[in-house]
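Accompanying notes for the structure given below.
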Amino acid sequence: MSEDAISSVPHEFREGSLAVGATRWETISRVIVPAALSGIAAAIILGIGRAIGETMAVLMVTGNAAILPDPIWNVLSPIRTLTGTLGIEMGEVSVGGDHYHALFGVAVVLLIITLIVNLSAVRILNYLNEGRNSRKSTGPSFLSPQVLDKLRTILTWVLAAAGAIILCIIAPLWISLPVIAAAAVWYFYGRQRITRYQSEKIAFGLLVTASVIVIAILVFILQDIVINGLPALSWEFLTQPPSDLGRAGGIFPAIIGTLYLVCGAILIALPIGVGAAVYLVEYTREGPITRLIRTGVDLLNGTPSIVFGLFAFSFIVIYLNFGVSLLAGQITLALMVLPTIIRTTEESLKSIPQSLREGSLALGATRWQTIKSVVLPPAVPGIITGAILSLGRAAGETAPIMFTAVVFSSRFLPTSLFQPVMALPYHLFILATNIPGASVNKYGTALVLLIFVVGIYSVAILVRNHYANKIRG
Amino acid sequence: MSESIISAKNLNLWYHEKHALQNITMEIEPKKTTALIGPSGCGKSTLLRCFNRMNDLINEVKIDGEICLDGSNILSPDTDVVALRKKVGMVFQRPNPFPKSIYENIAYGPRVHGINDRKELDAIVEKSLKHAALWDEVCDRLHESALGLSGGQQQRLCIARTLAVEPEVILMDEPCSALDPIATAKIENLIEMLKMDYTVIIVTHNMQQAARVSDYTGFMYLGKLIEYDSTTTIFEHPKQDLTENYITGRFG
Amino acid sequence: MTDKFHSELKDLKKHVSEMARFALLMLKDSQEAFLNQDEALAAAVIVRKDQIREQTVSLEETCYQLIALNQPVAKDMRIIACSLKVISASERIGRYGKSTAKIVKEIAGKPHIANMMSLPLMSEYVIAMIDDALTAYETENLRKIEGFSGRDDAIDALRHSIFREAITYMMENPKTITQATYYIILARYLERCADHACKIAENVQYMETGERVEIK
């Protein structure tokens, strides 16, 4: 997302800065990044929201001990998260009891936190965008620039001091002291002494390091899964049901189950999502109602997946009495990917220039005819890309289907929508946390899931590039 | 012609396979305005962008030949491009102020070149805005966003931004093509005044503009420099038939 | 520059040429009226003066409009500049025709003296010069005006000779004073017309090559 934000900065800014005699690093740090700040902030906030709502990963590694770390900054102590609580305890409650209601309380707290994060994100983004584009002052107008300058210097010092203190607290002294010393040296001594070209080289070195770290992490994860999972792959693994509690046999029902869940989810979500997006973009004017709908969609997008699972469990499984079933899982997943589909469809529709619509309406076409023949066709690649990306996401989700659709072991494929299914991510979760000695198979499952999701994302990227090239001509 | 400040010698440029500039040789007179005219695609903007090495930003470009600024060839690999661009400034076709305040836009150049003292920057901002005939219109809103200015004001802001780093040469790539006639007239007046202290090279589609503002005019066609002479000669009795046909509108 | 402008430019040249030929005809007719002492012809020439004035004004107006609306450059501009000069020179030539016709009325009835001295020859030469200058203007070809300097000298020589001859006659016979004086005046008119022809030639040269020359 940050990459998108940075590449959408008009190249005229870059040229204008270079033409004045700035180095590339100065252009990047002083013009391009500040101009892309709102997009980068959005990316960061989205990342924070995603981290808050993550269930499965934290469940598997934090230890789930419901304690406060002692002392409070001990980063090596086990902890439990709100999402983890829901994930673990949901399967063990009796409906209607105190524990049941308490869990819903936890979900409410989680929702409120998400709400706060999203709303503050919207406010921050609006503030950043306004400061950029409007005629208003870029600073409080009652303060003269000199005073603002002094304030800025004081603020920087305060932040630096706070950062140093925090560093000393959370890291052992043998790390934090050298870091502080290096920062001090650079600030007082190095800033004047190193030339613009040297600081450019240093900055680029750090950027390359960051990229290398990102790639290294990816490679590390991939090689772990591939190396350990490859031995498990065989024709039998892919076509046979599991036996011996999953330690032997195959994962065929899980593969089929995932496919059923995912296709069903898309079939439900696509028409509703595209319809809602078309309505929002084409038929309504910007006003308080549409803003409300958009905020709702954003909140839905930011809601942790486990909360969807909880809701689906209590409403679809219990109240509507569908039981733990394929249909329940499909509906849950559909609800989860709905905001993404609405968002991507909206963006695709908005990217169609208004002049196309005006041209069609000027010829006497109705609004629906315009949408059907002029607006939707060029928007289709974007919609498809969004749908495929949602497919990939739905395929990998565990939390929403944990209590609504899946069962660990079934020898036969489901014959009706109301029967539970196996699914790859859930299978992997159980193998990893509950079944000792299933090492080879669990890596095999992980590898199959990885290939599945990567395959789906690759198709989405190919589709997007193909149509992007067609447009560029 | 007196000692030239910037000159091209046997300049050739290929863009992909296309021979976009063919053996261009011309000497630009110092403290005068030189205009480059010609039909679309003749290479005039490409030539202009060679003078401050902005063509480096495009990957598929190959250059051969010499461009001399104050005696040294700026196309050689060990040229300090950043310092070059301080000496040779550029104003673009569409005004491109940064999304910062007016003050910050102009202070950007001096800041990256090392000037950080507030008072010095204030003086530079005022001087540049006065030089660009914009001071009176914005002196009371220096800290407002530059994007709130009109198109003509934004273009003058970009000129002020270029002036703030004290260049010797100012390159202008169709600076008025996005502006209305009144804003255009203001910019043309500005160019008249800038001539006293800077060397100006302007690319323009508008032949009357070239006739109005320039002292020397070069006519380019399909990558070649067809004729390069004083503006009065070009517009009163050009030597080449091609030039005559272009400026009287018999083709192009 | 649009096609519209270029076709308007062609029309301008055509009309200017027509007007110049009209003025030349005024001069020719006035010379013929003098030769044959034809009062009727002289009267007809005098009437045409208003027409020539009208044409001058309207053609100059056309030129100014073309400049204001089209900002012409190079050859186009030089054509219009030359045409303005041709218009004004032709108007003067036409007026000399009218003035000659007026003189014809004055000396009507009196017989010619001294075979009109060299006036018929001079008028033939001058009319030829104007004709060549106009042809050069119309065809944009400089061949016809190549020997103009020499021809202008010849005209000057003729005027001097007519002057001396007239003085001689006046000294010999005071009764011829009126007639001879008019002959001197007519010679002067013809010399001025030749000068205007030279002016036209100079401007045609500028129109063609951009060079400013002087024909002495």
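A, B and C label the chains in the order they appear, each numbered from 1.
Just so it is clear, a contact is a pair of C-beta atoms (placed from the backbone, for glycine too) under 8 Å apart; a residue touches a chain by one contact, two chains touch by 3 or more.
Source: prediction; values computed, not measured.
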| item | value |
| --- | --- |
| Greatest separation from chain C - chain, by CA centre | A |
| Chain centroid nearest the full-protein CA centroid | B |
| Chain A and chain C: spacing of chain centres that average the CA atoms, whole Å | 93 |
| Distance between chain centroids, defined by C-alpha means - chain B, chain C (Å) | 52 |
| Centroid distance [mean C-alpha coordinates] between chain B and chain A, Å | 46 |
| Multi-chain contact sites of chain C, meaning residues that touch two or more partners | none |
| Contact set on chain A toward chain B in their complex | 10, 12-23, 26, 30-31, 34-35, 131-139, 145-146, 149, 196-197 |
| Chain B residues touching chain A - in the complex, by the definition given at the top | 52, 54, 57, 82-86, 89-90, 92, 94, 96-101, 103-104, 108-109, 111-114, 118, 143-145, 147-148, 158, 161-162, 164-165 |
| Footprint of chain C on chain B - complex, ascending | 207-208, 211, 235-238, 244, 247-250 |
| Interface residues, chain C side, partner chain B - complex | 1-2, 5-6, 71-78, 209-210 |
